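Two complexes, one shared chain (chain A), two partners (chain B, chain C).
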Partner chain A sequence: MADAVAVTSQIRKRKSVGQPLPQIDSAEKVKGLTQYLQDLSVPGMLYGAIVRSAIPHGLIREIDTSRAERLSGVRAVITARDCPGVLFGPQEPQDWEILCRNKVRYIGDEVAAVAAISPDVAKEAAALVRVEYQELPAVYDPFEALKPGAPVLWEQHPDNVAYRFHIERGDLEAGFARADDVFEHDFYTGRFYHGQMEPMGCIVQYHADGGYTIWTPTHLPFRSRMTYSKGLGVSMDKIRIVVPPFGGSFGMKYELNINCIAALLSKKSRRPVKIFFEREEDIGAGHPRMGLHFHYRLGVTRDGRFVAKEARVVGTGGARTFWTPPVLSTACYRIDSLYHFQNVRTEGFLVYTNQSPATCFRGFGNAEALTALETFIDEIGERTGIDPVELRRMNGVKAGDVSLHGWRIASCGLRECLDRAESVSGFRNRKPPPKIPPRRGVVRGIGLAAGHHISGNRIIINEYDGASAQVRLGFDGQVAVIVGEPDIGQGMNTVFAQIAAEVLDVDPASVRSLPIDTLVSPHGVGTLGSRGTTVAGRAVQLAAEDARTKLVSLAAELLGVPPQEIRLQSGSAVVASGGGSLSMAELGREYATRYGGAFLIGHGHFTPPTEIPDATKYGNLSTSYVFGTHVAEVEVDTETGATRVVRYWALHDSGTIINPSTATGQVHGGVAQGIASALLEEVLVKDGRVTNPNFLDYRIPGFQDIPEMYVEFVETKDPYGPFGAKSIGESSLNPTAAAVCNAIYNAVGVRVHQTPVTPERLWKLLETARTEARKKE
Partner chain B sequence: MTELNTVEYIAVKSVAEAVTALQSHKGARVIMGGTDLMVGMRDGRIRPSCLVDVSRVRELIGIANHHGSLRIGAATKITDIIEHPVVRQACPALVDAGKLLGGWQIQNMATLAGNVCNASPAAETAGPLLVLDAEVEACGPSGLRSIPVHQFWLGPGKTALEPTEILTAIIIPPGVDGRRSAYQRVHIRHSVDIALVCSAARVVLADGNVQEARIALGAVAPTPIRVREAESYLQGRALSEEVLDKVAELAQAATQPITDVRASAEYRRAMAGVLVRRVLQSAARRA
Partner chain C sequence: MRIRIDLNGREVEADTVPHRSLASFLRNELGLTGTKLSCEVGECGSCTVLLDGRPVTSCLVPVAQADGRSVQTIEGLGINTQMHPLQEAFVGQNAVQCGFCIPGMIMAAKALLDRKPDASSEDVRLILSGNLCRCTGYQKIVEAVVIAAREVQRNG
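On to the complex of A and B.
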């Protein structure tokens, strides 16, 4: 009897994990009280503006800053002469300069900068800086840039290849020899702007010891410090980064050169300097998702097995290297952990072109690769007569599998997602597409696509993968979580609070996560690669468990019972057999009183089962893997080419869902962004100039563009994350564009090979198909 | 943004005061809802020396229906226009357009006068006003005058108004039967967008045949245009498939579209044909 009671109390229902709690800071945000970067100012602060190249490619002959310097209110003007002059950057090849030394490489390249007493004066001064150029021929198309004789952006890279990716596993030729059919597919995903509400910005203050404080919303406070430290020529510990609340990023705010520009302006003016982009600058000279060209060749046996895959992926990286090399490699080989292709070879090229440097975007190349691959599988299904869902089931990975490149799939809900998606959406009963697109009328179609992603990534920094956390209780009874990974607006602090609250059995709404400041926070890899909940969250769980042990022994001592007798329950430590309890506030005060005010601190750290890939790129990259299936239903106006997504279903295996509300929010946002990438958004560039740098012609979706969504989580059991949680941040977006493209095909019988599928693009395809059909008649 | 802080601002109480203010301030501009003007000033495209705010002038607000004509005061908000029962009955094309003009927030600020005076080739309400044979009432130092709307637009951003004149009302003259009228556009985003091409039509039917027709197109020429060839072709004909095909062809021939960041000339021309068919059918189904 006694045993049975003990068991039930151990598996007591979770109180906090699994609850759809509102985000801890949502009331502040909704009331407009949150202080974002643009609300912050530091006494004496100046405003910076950047002098940008007006030409796509050229040598700098002369820079005349004298008129800007004479303008009243200007406190500093800097050029390359004020920069340490090293090449640095977040990835290889390191090609950042802070300000251009000899050459400009895109319209918007940073040539000089000014700091002044107001944004208007700074802008006016920037316009007074005269730069003389000797123009050079420019190149925008990556395939043109790869041709011999093309204009060269960087002497060190005469072939314009910034980074080359190669992977090969199995025996490709033998694989193709076994294939009964070989299919080919081309797809291009366009340049896509993050559209985050808050543009890029920072405040930087120079200190007498030669160091800097940087206030900037960044996913990577610790890693970016390494980059800036090299660029500015100061040691890492001299740079302090404080992360204010995020106004959105989606990958834009990893590491940005403006932090270094503001630092040098501050150094020269001896005043803090804020740089905050206008929208035109953020789109026009910012760092969107790169355009990616995919070419696939896939060998398939008669019964639908994939036996060989050859791929070539070409990325339009722009003029400098931000986070595009790992994006390219992700686009090249992450899909090999969704399906067993058995024998693969992939070549990837990251190409320098005269456009603003691209960077990473939610989905990190995998969303793009899945757009290409999942539209391809839809087509293969049709051409082989094998149901495309069956193809995915047959070739998809399973729990316990090790992928071709050594990725260990501990849990996998791919099949459950496919099954549920089919049964809730009616995909199975879809009508076949029309043979010829109808001339008039609005037609409906339904499309399905699968996807997957990682939860953390081994190679963000070389030294380690993992996270550490502290959960502490203070004199005032406050339970606080301390981590090194910033909440980027997606609600991680809420999730951390729920994890800690679950372990300690306290009210999650009372748990705070401390803001991130590199001076006080533990070293963190960063909030990227969908790792926050899984990796940092696991550290929080372990820290809370450590705190629990310490609390229990303190309470046992104070209450005069053995520790086994103590249970943490609803915010108190109670004696299990009755008779005596202490609240968290009492325990915190008692501990602090005993030890000179000290916090009771639980420590936790988590090292995931990941490996640095070897020279052949073999090695388990991520803590855990997530899967999903999306179904989109669209209406296409066959005369105008306009597409509207009218119904949507998203099924996800993200392991245990810590907070169904924030997780569903991630799916809503991911799908909205995915629909936008499929139908609406593209940064248009003509002769190197962005022609739609505003929200009139760069169209982010509104409510009328996004349908109601059915969201369901298929909870698998994963051994690594906190309570078995995996990720959702990026996987929520990954299958969307392909599902929409497949639905368009089902509606009109025309395959699209490029996103976004704007009305005009689809209209052209429809017209071509109709004309060809007429010719055949 | 400097201009916004330093520009002079006068809120007037009457039309006469407004005209005087425009006369005494060279480079002054009338401001209504400001939904075009403020955007232009922020971009530095428009640099007025002074803003003359007429949005609260009593005599300019409201919709009056007398002697068979409909008079829409210049300062009437789009929201008030599209919710007005007489307008909804007599000029459904204008309501179609008003509902597409921006979103609710914009409709609550924006005015018809502003849309007309801004003279965008893609202006939402231009086509409906063209097919309703609307007249623009303007007041200047020498008093009132009336300009047929088809003579009002001279080019992108250019109108027949003198710098010292203000638009006081839009008038739908008596005898214009606007019950069978409609407006549609092709756009990319379904929530708030600008027309890639837009079209309005009005028909008066007798025994299923067209007695009178008006067809207008926007964003296919430097100003909104009427397609007179198609209008006269339609006279006396039923809206059969063949007739609509011919009308679409005539409409396309009347366009001089450009290729820009929003659409190619080819697409615009094709969509002009598609829209003209659709608005004619939609108009004919009304009443």
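On to the complex of A and C.
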């Protein structure tokens, strides 16, 4: 276990790409100098607080803001009357209001807001706003909400279905007719909170031209302007977004209504306004990963071929729509690019319920689908007597395959991951599970799960896909990378620096990545859909190549040799045959001298081989595809049901690894979150109220909960990403929960159908199994 | 009230309200924002500083309690561009992702190494268990602290 990082590719003659370099901005971070949003203030800044609904569902009868307005130190109070009144939002259906007009739909719904000279005064004022409601019956369970006669959240959606997904390919009935066995499986993945260490927040300043500057750590600074511009009723170019360093997000900080609330407070008070959540608000009124119910029917032939799959997926979306529609779609059909199911039909329902709106989380629905599917495959293996790893090999996609829905898999290391996982973990020699769960003692078990993900996903902005970048040479010879995709804490800037450094042969530690500001940065679709390294990284590579061409021709001219004679080497341009060289600083200054003080800038843009899916949802959705296999070993206390992961192996195909150290860190973090989702964490909601909205009751894993892990990269050659690199951030998490659940089965012989597998839940399953066994005796 | 503390080796005197938390005093009155606030209920360790050399969650400590005592924060670690071995090791091992938990993590680790310079990885996992990190899965943090321990020991 000790030597946990191995890159199985042969050593290449590369200087930067493939090196385990430190994150370029971590020196600032370890000194406490990094200024996160929490640390930022703007002169004259006020503090905002939100008045939230105290009831899960009801009509607003009256809002009395007079006492709040009279409180000393209050500078603005706003209600729906101050809002433009359009429905808007990041996805269809658009159902955001900024502040509720007629109706509240969850405990925490935003009814009014205040801005004051301190956070304490703002809080006090918010508490003075009186809201009278006429309560309505509420509904929390998505299956209840789907029944006729259930309380209706939005009259435009009388069936409470916010979004419906349907896909069909092949001939399902014929597929099932060919099957020798048909298996069924249900799984529920619980509501899970991002737990990013820095809560959500923003600072917004209103400008005389009617526009706004928003300081907020967002994955999609450019795209989110579309949402805010509609909500605020100003053109997109009047919204400037500046992205400070992230204190974590994992999907939480995509697009948030608080930006609009702070904007209107700033407009009314004519002062910049900061809204920054306390943890309780971040959990209680925040936007977790939604709960998802899966029902699968799978037809399998005697020799283990999958021939038909029918699925029904139901998501508990909450009261409004954030990024849940594409999460639901993903949960419905992305797995069809991991295995060939041949004939499929999937129905998905995103259901309105009286809870805070859910949004996306790392893994984007695919982690949840894989939890359901990979536990199912484990069970099918058991029931057919075919080794479950063999089932995966037999049905899994290969390089060159086109999936049922037209997704083109250019590179695929699934089999290599499965093989290596089996051999490094000892999974092949596992003991069979006990027939009856033991009555006492701690037992061990081992479980395996495969997974995959996209790498550079399309349909974030409909019209186009891709990324653009600039690589700029300063007068001191320093290289700067300028992109529109923010580093979300995972080390993106370092990866960009290594890519540019490789192309230009400069020291990667000297390369900077400029902060993102939509006023000046090149356009970027965003850091989501596992597109950072693959798509933006490729644009950086192309921009660096353009800069290299310019540098070489300048150097050739200055040194009086043809361009073919010039090599970029260790920070200089040298004549290959000897006799002259110029440093980057000399070249930067010379360029400026010739061109009116201009910087030498290389431009690059990358248009990936993705397609807009047709009406049947056919079309290649991602630049590349990544694969992995995880093995978990657990210890289960059979008397209490308490489960701990004690050993862990993670094998990944993420193409060429640009930085093995940060990539390994991504795996460690993804697995830790996966273990949390499998065993520990769930946002508990009773009668619409979150009952564990703090880190005492919502326990995220600590040092003692996460084992040491073995991480290995099985490098494949991908034609699209920079130097053949693919993504790792999301795929690192995807197989984890299934591997843990399968290990629990191997330990105690009981199948779980719900995460998190809390001690109480597992203990009940163990007791049931033991009682049944006793009855049979 | 007027309080006086030895802050990172320098005498600091200031007027403040006694119920204010030490974290808020450091951040809002002294402008030392290296100390982070995450849970504000003593459960995450992001706000860890050393009070008379012992780690405390400064979100829960009333500033009055620091009166007349020494307080060490992340800003006091390392001299100018030179980093403390813990900071070096956290950078070198990539034990830092978003970095939000890191100041508190490093201060807690410093208290550990001050007390137990030969800390093993088991010690780190046990004694730092009050510090939460959502990004790293902890493994690289453990490695970094153990490497720093070796470095501290080597240099006496």
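We take it that the second predicted complex is superposed on the first by the 765 of 777 C-alpha atoms of A that agree within 3 Å, B and C clash if a C-alpha of one lies under 4 Å from a C-alpha of the other, contacts with A are read in each partner's own complex, and residues count from 1 in each chain.
Rule of thumb we're sticking to: a contact is a pair of C-beta atoms (placed from the backbone, for glycine too) under 8 Å apart; a residue touches a chain by one contact, two chains touch by 3 or more.
Just so we're clear, the structure is a prediction, and the values are computed from it rather than from any experiment.
More chain A residues lie in contact with C than with the other chain of the pair chain B and chain C. By the touch criterion defined above, A:691 reaches chain B but does not reach chain C. By the touch criterion stated above, A:486 is placed in contact with neither chain B nor chain C. Of the two partner chains placed by superposition, only chain C is touched by A:38; chain B is not. Legend: residue contacts after superposition of the two complexes on their common chain; A:142 is shown touching neither chain B nor chain C. Judged by the touch definition given at the top, the superposed model places A:703 against both chain B and chain C.
In the superposed pair of complexes, A:247 makes contact with chain C only, with no contact to chain B.
Once chain A of one complex is fitted onto chain A of the other, the partner contacts of A:195 are limited to chain C, with no touch recorded for chain B. Contacts of A:749 after superposition: neither chain B nor chain C is touched. In the three-chain superposition model, chain A touches both chain B and chain C at residues 696, 702-704.
Contacts from chain C toward chain A in the complex involve residues 27, 32-41, 43-44, 46, 73-75, 77-78, 83, 86-87, 90-94, 96-103, 106, 124-126, 128-142.
For chain A in complex with chain B, the residues that touch the partner chain are 119-120, 124, 639-640, 642, 644, 680, 684, 691-692, 696-697, 699, 701-705, 758-760, 763-764, 767.
Those residues of chain A that touch chain C in the complex are listed here as 4, 20, 22-23, 25-36, 38-39, 194-199, 245-248, 250, 278-279, 488-491, 661-662, 664-665, 667-673, 694-696, 700, 702-704, 706, 708-709.
Those residues of chain B lying in contact with chain A across their complex are 1-2, 103, 186-194, 196, 261-264, 267, 270-271, 274.
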